[in-house]
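Residue numbering begins at 1 within each chain, and the chains themselves are lettered A, B and C in the order written.
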Amino acid sequence: MSRFIIPKHLEVPLGACLPAPVKEQPGMITGNWRTERPVIDHEACTTCLNCFIYCPDACWHLDEKTEQMVWNADYCKGCMICVNECAPNCLSMVNELEFPDGVVRLEKPF
Amino acid sequence: MAKEVFYSGCAAAAYGAKDARVEVISSYPIRPYTGIMMELSKLVANGELEAEFVHGEGEHAQVSIAYGAAAAGARAYTGSSGVGVTYAMECYSPAAGGRLPCQMAIADRALDPPGDFGSEHTDVMSARDQGWIMGWAESPQEVYDNTIMYYRIGEDHRVLLPQFCCQDGYFVSHIPGRMQMEDQKAVDDFLPPYNHPHTLDPNKPINHGPQIFPDQGSAINVQRAVAFDDVEAVIAEVVGDYNKAFGRDYSPFVDEYMMDDAEICFFLQGAHARTARYAVNHLRKQGIKAGVSRLRFMRPFPTQAVMESLSKVKAVGVVETNTSYGGAARGGAIIHEARHACYNLDNRPIITSFMAGLGGEIVTLNEFYAMAKVLSDAVKSGKANDSYWMNFEKEVLDTHS
Amino acid sequence: MAKEVKTQNLEMSKSLRQVTQDEWYVPGHRTCQGCGPALVYKLVSKAAGANSIFLGPTGCMYVANTSYLCAPFAYPWMHTQITNAGAVASGVEAAYQILIRKGKYKGELPNVVVMAGDGGSIDIGLQAMSAMMYRGHDALFIMYDNESYANTGIQTSPMTPYGANTTFTPPGKEVPEGKVLFPKDAPQLVIGGHPAVHYVATASCAYPVDLINKVRKGLNYKGPSFIHIHSPCPKGWLFDASKTIEVAKLAIQTGMWVNYEWENGEYTYQHTPKEYKPVKEYMKGQYRFNHLTDAHYAKMQAFIDAKLKAPGKPVAVPVQGPREQA
């Protein structure tokens, strides 16, 4: 019988070794960092894919079925690289306060 | 087929590693362990051992290569001596904390400054807090046997810890002794293939070792403490199985010689125990009831077994072939743990220590006799110093011849 | 002798459209807004794909990515010390070689990729990197270069440009330029010195398709390759987070960064501008150079002009070491 009692909130995987994530890492939600978000004008978008390729957080991807760019609200940090690199200038920065789900509006961000 | 050979400790380690079917070997030359790698390189070159022989760029790299290989799913082997062992210091905790059970052969050597090829235990003793299993062999046979046993201990899923398999430089590494090398199939039966619960495998991806917040740190440390609580039972099991499989009679933790009716004893690890036993034979002829208690594992320090052994005598002389400058006893490191083991005894023996064999000198029979006199006097007077530096203090002067 | 170990052959992408939408460096990491190294990690991960094992030495791409007890790597990944990424990767690769030869691992040899920062590649990690190159392991060493020890708070590294303000090279009365030393030339530390290396390249996050193809080329070689990737750091170089790609492009337009490949002794260059813009234009956009005078800019211009005579090759540079100056 081990003398050690490991409380649930102090449980850590053996040797700090975790299963790899698959599509996202919810242990580090970063959407609550931003004060502005990129807004896309789908009509003007030419799917040049600059936003997709240049986002360090992989927050833009092309939905191959709709041929439209999809934005990830949970993780976008609001760095605005995408806005700066958008070839047809169809992205604009809009303050989070303008959105009902804007992170600065939430009582407790995430 | 098992066969009797006449091998040095270096060769014994190499053939132990061969029979353990090590898969990744990382080498780098430093006296006196180099012979292990020279022998292994021949075995790999001849196709007698199927392994990757990686020429490390230094000892720090050797340990890194070994634990990388262990993480990827291979049985890994490396080794060093002296300052090579201390140079690799950064890598010991990542290997142990990452639960990567590679093995490092140590043919110990005095640390610089300045250059000294002689044997001292301080090199790897200074890594004893890093969370590895650690123990000394006293003969080429025991080196061979420990090499195989330590893999089974370290790879056990209750343990998952790397191991320092140590031998006295020169005294064991370079002096041949008669030993039995076992049949490969019998060793295979005793030591199953490497099997690790979390390897780096694209079929089952893991993220190994992310940054943690300080309050997660204690939880990981406790896991390592749990492993050290569980390892003694595993050691007893493994040694018992090895004894049965190969006809040995190792005591798992403490090897006793004439302890049952002893009044004084020498407590030490490694090859000088053999001289100590000769000294005991001579002392007994003079009516002095001496004994030898030889420690087989420094980590885990077998506190219970040591207490049981040392409680048999009235005075213990810890023979330290290591230094712990500024330590409580102003001598070596082992006395602190020996005294701790006996702390709760109603009739604690007097425990003192003798700094002997430093620099790689032989510990002579005369030195052991001088130690025995100090211990016998201590039994009479009830007192002894914390440490005696052999040949440099009045109680133990002029014993070197 | 040894049974041949089968490795995958990765295809080149001809355009952005051909780049996979799959991510192996997934959203959810604590890197700064606009982090150049994070973008590089994403692109390298796309290039390598699922059959990969990544080694991440300590640095921004370790600490920032994995805070706390979570990481964004969809492939197997292990932390290494900043000192030993090359060595640990060598151990991983050697293990797979023997496990495949012994029939214990049935798949193809995984890509073994090191993602080391400038410090972990050519400063404290130099020995391990060079030894991996020398021993010929089938592995790829990527140096993401943010020109400093960024994770510890932007200290100077051997890749920090002359004249940069870092927290170990602050400008002051005695040292008006801040950083006095000129940087190492990282690819040249590898080129020609390691016989088993056939491919060394530089790349930039500004040209992602080129970067992905170079990574795949390196991975396709059955031996070690080294790729040095420019990874601008908004926090360390002090420019707005939205400008990471702009800064990377300007580096190439001013000659402060050159994209090239060295393959079996031959050099080829990519994205060479018809005319180089003055380096001052690049440096003015980063507050880390804000303290410099025209005399300092001139020194940088002279250095870059000399390097541009033969990028990636040993040339004489008009540099006076600290002991040579009056």
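To be clear about the criterion, contacts are C-beta pairs under 8 Å (C-beta built on N, C-alpha and C of every residue); 3 or more make two chains touch, one makes a residue touch a chain.
This structure is a prediction, so every number in the text was calculated from the model and none was measured.
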Maximum distance between Cα centroids and chain C occurs for chain B
Ranking A-B and B-C by C-beta pairs in contact puts on top B-C
In whole angstrom, the CA-centroid distance of chain A from chain C equals 25
Between the Cα centroids of chain A and chain B the separation in whole angstrom comes to 52
Dist(centroid_CA(chain B), centroid_CA(chain C)) in Å evaluates to 42
By the touch definition above, chain A meets two or more other chains at residues 12, 16, 18, 20-21
Residue ranges of chain B touching at least 2 other chains are 98, 205-210, 212, 216
Check: chain C positions touching at least 2 other chains come out as 67-71, 73-77
Within the complex, chain C is touched by chain A residues 12, 16, 18, 20-30, 33-34, 48-50, 52-59, 61-62, 64, 72, 74-75, 77-81, 83-85
The residues of chain C that touch chain A in their complex are 16-17, 19, 21, 23, 25-31, 33-36, 38-39, 42-43, 67-77, 205, 208, 234, 241-246
Per the touch rule, the chain A residues reaching chain B in their complex are 2-4, 6, 10-12, 14-21
Within their complex, chain B touches chain A through residues 97-99, 160, 197-198, 205-210, 212, 215-216, 218-220, 222-223, 225-226, 229-230
Seen from chain C, its contact residues with chain B in the complex are 50-53, 55, 62-63, 65-71, 73-81, 83-84, 86-99, 101-102, 104-105, 107, 110, 127-128, 130-131, 134-135
